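The following pair of complexes shares a single chain, chain A, combined with chain B in the former and chain C in the latter.
The block that comes next holds the complex of A and B.
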């Protein structure tokens, strides 16, 4: 439109030259954008191409089952690679290898190499990640929604609210490793517990407070366990959930509240019956998206929850029954998928024998994260279809 | 955040006006609180959790951090009192000397080798290819060896048996039939072994041939550049040598030529060599003094540490004794506790050897200065070979600086006093601007932040320089220039990048990006790029590029928001005045949104500098200040970061130790940086909103 007026417009130097430059710059911006998209595709394709055939061998023409169930039913194991009498390379898990040697005592085993964590599956890490995320969701949603309700429904302008908002903003920028330090000092070493046998832990040395019946309130923390890890992750994701929840609450029209109050409902009844139900879909969508980010975090759980290897599943070998067993269950350290990937990526040499398992673990992890992201999209679509005002 | 100010206040007004209504008759109260109030306080209490967490983070970091400084101060004071500092001064002299020596030697050998560079390249290529092929067929050669040794064993046994049979025959004794049969079976087995050996040998030869056939120059590590024809003959030579077991003739001839030329060059540069040897001999007395005093200093330090920990040990033993029920055990523990003597270290007495050595050091230093000056005169002015000349000039400069350094260093040594005050401020500076982070050392641990800080900063700068144009450019394109359908497709993809876990990106960096980048850097026509070819696969550049990728979604989303919030009237006005679309975007929209975009970049920077897993996996984890003399080449060196060091070392140190506290101090620094960045970004956003 502006080209037409260029004859009598002194600000446009030369239409053809101008539009050529415009077109070039525009192509440049376009190229930048698609370069980013290309990078994302490359990362994603690399992991899929190398990971998917391990997880779904049949689909990719490698024979065997459609889904490699071993990955989901076995724990990480050491891989043994050796040569038999015909100089053929054979790779098998350590358990299988022990059996093989017991069955064929005369078998030739030459050139034996072992690679840690490169056989078996990733059952333990997957379960651990699921438990950590579950604890994180429960804690973070509870506190996050409550905070958002306060900020959006109860608070009026004032110092306290400003302080809360400032804290939320700043909390969002704190590095994940610092949350790891905080989780270690607070949840692992400091949180008070009621126990008969207090232990000394580093940090603030608060003497145990005696209670009747030989119990103490001891400031000893929970130790390295999934509860500590889940709470640390929850602390980290809190700002995201609060912001998302507050926005969802704001999106509920004022009329809903006014109508409810006008009908004589109390404040709590109003919030409970005519605000929260309409805000939940939005809250969940945004929160699940936030939790996707937390599921991938490794630094906060490195010192608070994760271990490289565990022999037992979390629900095996619990002490006590009932409530005691629940606490014992939560008080265990767990394997976690991101920590597992960190361990294999940094400590184990990359060879043709170790790569399949590593890529499989990464691929499964990406699937898990994408499933969460997909869940949030699905929730959003459903919420939009259901709620309209 | 923007809409947060108006809507709730109206609702809150409704709330407060409700207080005056008449519908409040049926209220039950408990402790003066109505149910509604209790609910309100419950929500309010939850809202304070964010503040509590922030305060707790501050509290724990400060608690551990403040514990760090006094202990660090004590440690550094002990470093001075025990004379370690004194020994380190002499150590500096020795170290700088050997640095110059290294440069001189390198220059000398470059000079000597200058005449036979091509030949050496071929011989080196031969060695590299041979190693490469040998490692490829290693398993085969092991098999051949094992087969061969089995065969030898069998042969030996059969020989034994045969001589036994012969001996029996010779004394006319009847040979037992079992033995004959044995012999027969053995010979059959030997034939089988022969067959297997042949098979294995063929396997091996085929393996070598196959490897030789497909080997390329780029497959072999550290292979010097040689001509194509030389490469062909080297590869063929390696094949023959591995199969026949003999060195090819042309390699042997080349080695002779090299040896000859080197000898000739050695004769020409005999003076140079002599000067180097003389200079090497000149440091010996200094080294001797250093190693003697070092022993003393370590002993004093051990005593000092024992003194510092003795009361604690004693208390612990007494505690054990009191806790134990067994009286014999109790007595034993008590006796042990009694045995712990708190021996006061008499520093004045113990440090006497250091003061006594000052005179000797003066002598050594003077002599060394004379020797260095003499060496400077004796050293050739110029070297014929270009590289050698460069090395020689650097070494000369080093030596020229070395003489006044020795003078000054001796002054420092003479002035050194073990009981000079070591201020707390100085120990704080030793943390903040300390250039060394050394832990688990038998000599002395140092906790200097600088190498880690510089590593973090360099990586973050690379990342932000790469990601800023990409993310902002994409934001401008998507928001202003792209079609609707494009927008809807691109936005989720870029946001999806944000969902990729950082540990996955780190994994990708190790397996794919690092290897690819190094391969690219070894391409010949790219060798002008500073720092190429890269020595390490994991370095600042690799980590920076990955972090740039990670930061793109953060910057993109926030920058796009900022651009989106520019009032439509602005661009409409611009278009109405006849500006083109691009002029409007770059001249009106982007400048208006600039403070928002800068805030987005700042928040992206905060995300980058706090990122842990990618840098831990990909930055190379070398704790040293990168060598800035290489210009931009500094970016291809490995580094360590503040986040990485915490993640790597915290799991391995004792809780409550000085090292542990140092890591918390690093965490505190990170925390403060993140707060500062947040503060700046908030200020910018406020300014943006004021438009």
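The block that comes next holds the complex of A and C.
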């Protein structure tokens, strides 16, 4: 019976070329997909294998503390490598090296090499990146949500709105270095500020406009500072935030708006009480994920905000007090992790002396970004649990 | 055969619907509360989806709009609280609609104030994803009411008015979305009456409800007409006979006939009406 049916089986597997192609295509697509997974694994593994032992020496069987606190409490320093009298290689930070020479005037120092920013820690860059991200989030969320609310709730369809959307799309395609130059030109050198001491530099098209009480509106920009960097990063992330916010606003059922308006609510009351609260989870998730992306950008901040080295922390030695100090603080330049990684890693050839600092910085940076992404997921889960429909 | 059947069902329905004319007689407000005068309405400025509608809606009565899908009855209903303003390009292209002797499209009319007087209940129940209490308090809060005691009182009154109080009084702080479909719709009615409108517009309020929930909402409508003027759009002709005092029949954007419900269903003066209510089309 079995034998007979298999002989006469009308559904016997075909051995034609068509079925071979089918199988090959499936395997091919599968291979491509797993190649991406492989890339991701290699990247993360590389960073973790080389970075984690520097940050957590004891856990990985090296000598020293559980957490390498120097990384978080010291600023970057030049690493000095030299050979002593026994031709042993000795590596130490520049500060330590200066002390060493002062204490041992007779010490032998041969084959001295220096590696910029490969000693010390990354306290300044971590703080700077946190400040930049904070400013970027505040500015980008405010402008982005306002724009999305206007586009999705207020504006009527027409050429003007189409134009705005096209502009936003185009903004998404602008290379990051162009944003850097834009930020330099606009935020650092042009944005009007109110000041008592205007700078009327030659080459400035707009002269200062006098105000009462000895103040001027001066088109002098903010200079290289975290505010300019934060705004530049915000400009870069705006397309993502606007698009995500608009989608989230559209996902709020029309019935909520109608119900609210029918009860005599104004448009803003409706948006504020019955639309935005239900759109926030989506807006936050997409925005924070987008912000983690720009947090790693070097090009937009290298002209506008970042410096390789600062003597003081940004909040030290501020002018004025109260609000004045806040503005002075925002006007400080900062160190930033991506820029620090860039300066360290651009030392070619790489050596065993530059690598630990470089990978430690990358590893810390990765943890920071993961924490942000985790925060966004947590926020979303919490908000979703409260708001369901 | 079909005709006699329809007539028969109308006669069964009459006892429930005749009592309302008495209630309206003793009120001091003018009998006509919404006056629609030769109105055309268009969604795009070109094609009129409503044409030459003239209709008076009487105070403290239930007026039912019936007609096949797409005949414009919901559109007309949404004109009364200017809900159509939300649709870009849509508007009344001819004629005028007056509520309480005021042209609602006059520049002196604030649409927000209009909507406070003309409440609306939608086809799909749309409670906010908040607690039952907050749903009821919404209208008061946006009107600027802060006094907790006043809000508490109105919440209870409205829920009692919507015959929902006994069912939800122990779970006021629970989400409104935990209620059944019928309860949600009655919650929406309670929410609408919490801002004390004069007129209540209902756009097919029972179309998503089962027969028992529908019966409860209809019972509620019969109670509410003591205090409110109700305009209800319905696809269900039996429902129109059960709840309404007057019925307007719309077909292809025109008002074919409007009359006392008992009269319209038992002795329609136009053949289109007769064909529709006897189920020959629609």
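By our rule, the second predicted complex is superposed on the first by the 342 of 389 C-alpha atoms of A that agree within 3 Å, B and C clash if a C-alpha of one lies under 4 Å from a C-alpha of the other, contacts with A are read in each partner's own complex, and residues count from 1 in each chain.
Note that in this section contacts are C-beta pairs under 8 Å (C-beta built on N, C-alpha and C of every residue); 3 or more make two chains touch, one makes a residue touch a chain.
Predicted model, so just to flag it, every value in this text is computed and none were measured.
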Quick check for you: in the superposed arrangement, does A:138 touch first (chain B), second (chain C), both or neither? neither
For A:274, using the defined touch cut-off, is the partner it touches chain B, chain C, both, or neither? Pick first, second, both or neither. second
Looking at A:171, would you say it contacts chain B, chain C, both, or neither? Reply first, second, both or neither. first
When the two structures are overlaid on chain A, which partner does A:37 contact: first (chain B), second (chain C), both, or neither? first
Figure out whether A:156 sits in contact with chain B (first) or chain C (second), or with both, or with neither. both
Thinking of the overlay built on chain A, is A:260 touched by chain B (first), by chain C (second), by both, or by neither? second
If you stack the two complexes on chain A, which partner ends up touching A:147: first (chain B), second (chain C), both, or neither? first
On the superposed three-chain arrangement, identify whether chain B or chain C touches more chain A residues. B
Once the two structures are fitted together, what part of chain A is touched by chain B and by chain C alike? 156-157, 257-258, 261, 264, 266
Help me check something: in the complex, which residues belonging to chain B touch chain A? 1, 3-5, 7-16, 18, 23, 35-36, 39-40, 42-44, 46-51, 53-54, 56-57, 60-61, 63-64, 139-140, 142-143, 146, 203, 469-471, 473-474, 476-478, 481-482, 490, 493-494, 496-508, 510-512, 549, 552, 556, 575, 577-582, 586, 603, 606-607, 609-613, 616-617, 643, 646-647, 650-651, 655-656, 660, 663-664, 667, 670-671, 674-675, 677-678, 681-682
Report the residues of chain A in contact with chain C in the complex, numbered from low to high. 156-157, 253, 255-266, 269, 273-274, 278, 387-389
Quick one: which bits of chain A touch chain B in the complex? Just the residue numbers, please. 1-2, 5-6, 9, 11-12, 18-19, 21-22, 25-26, 28-30, 32-33, 35-37, 39-40, 43, 46-47, 83, 87, 110-111, 142-143, 146-147, 149-157, 163-165, 167-182, 184-186, 189-190, 201-204, 235, 238-239, 242-243, 246, 250, 254, 257-258, 261, 264, 266-268, 289, 292-293, 295-299, 302-303, 338, 341-342, 345-346, 350, 355, 358, 362, 365-366, 369-370, 373
The answer for chain C against chain A in the complex is residues 81, 83, 86, 88, 112-113, 115-116, 119-120, 122, 124, 126-129, 138-139, 142-143, 175, 177, 188, 191-192, 195
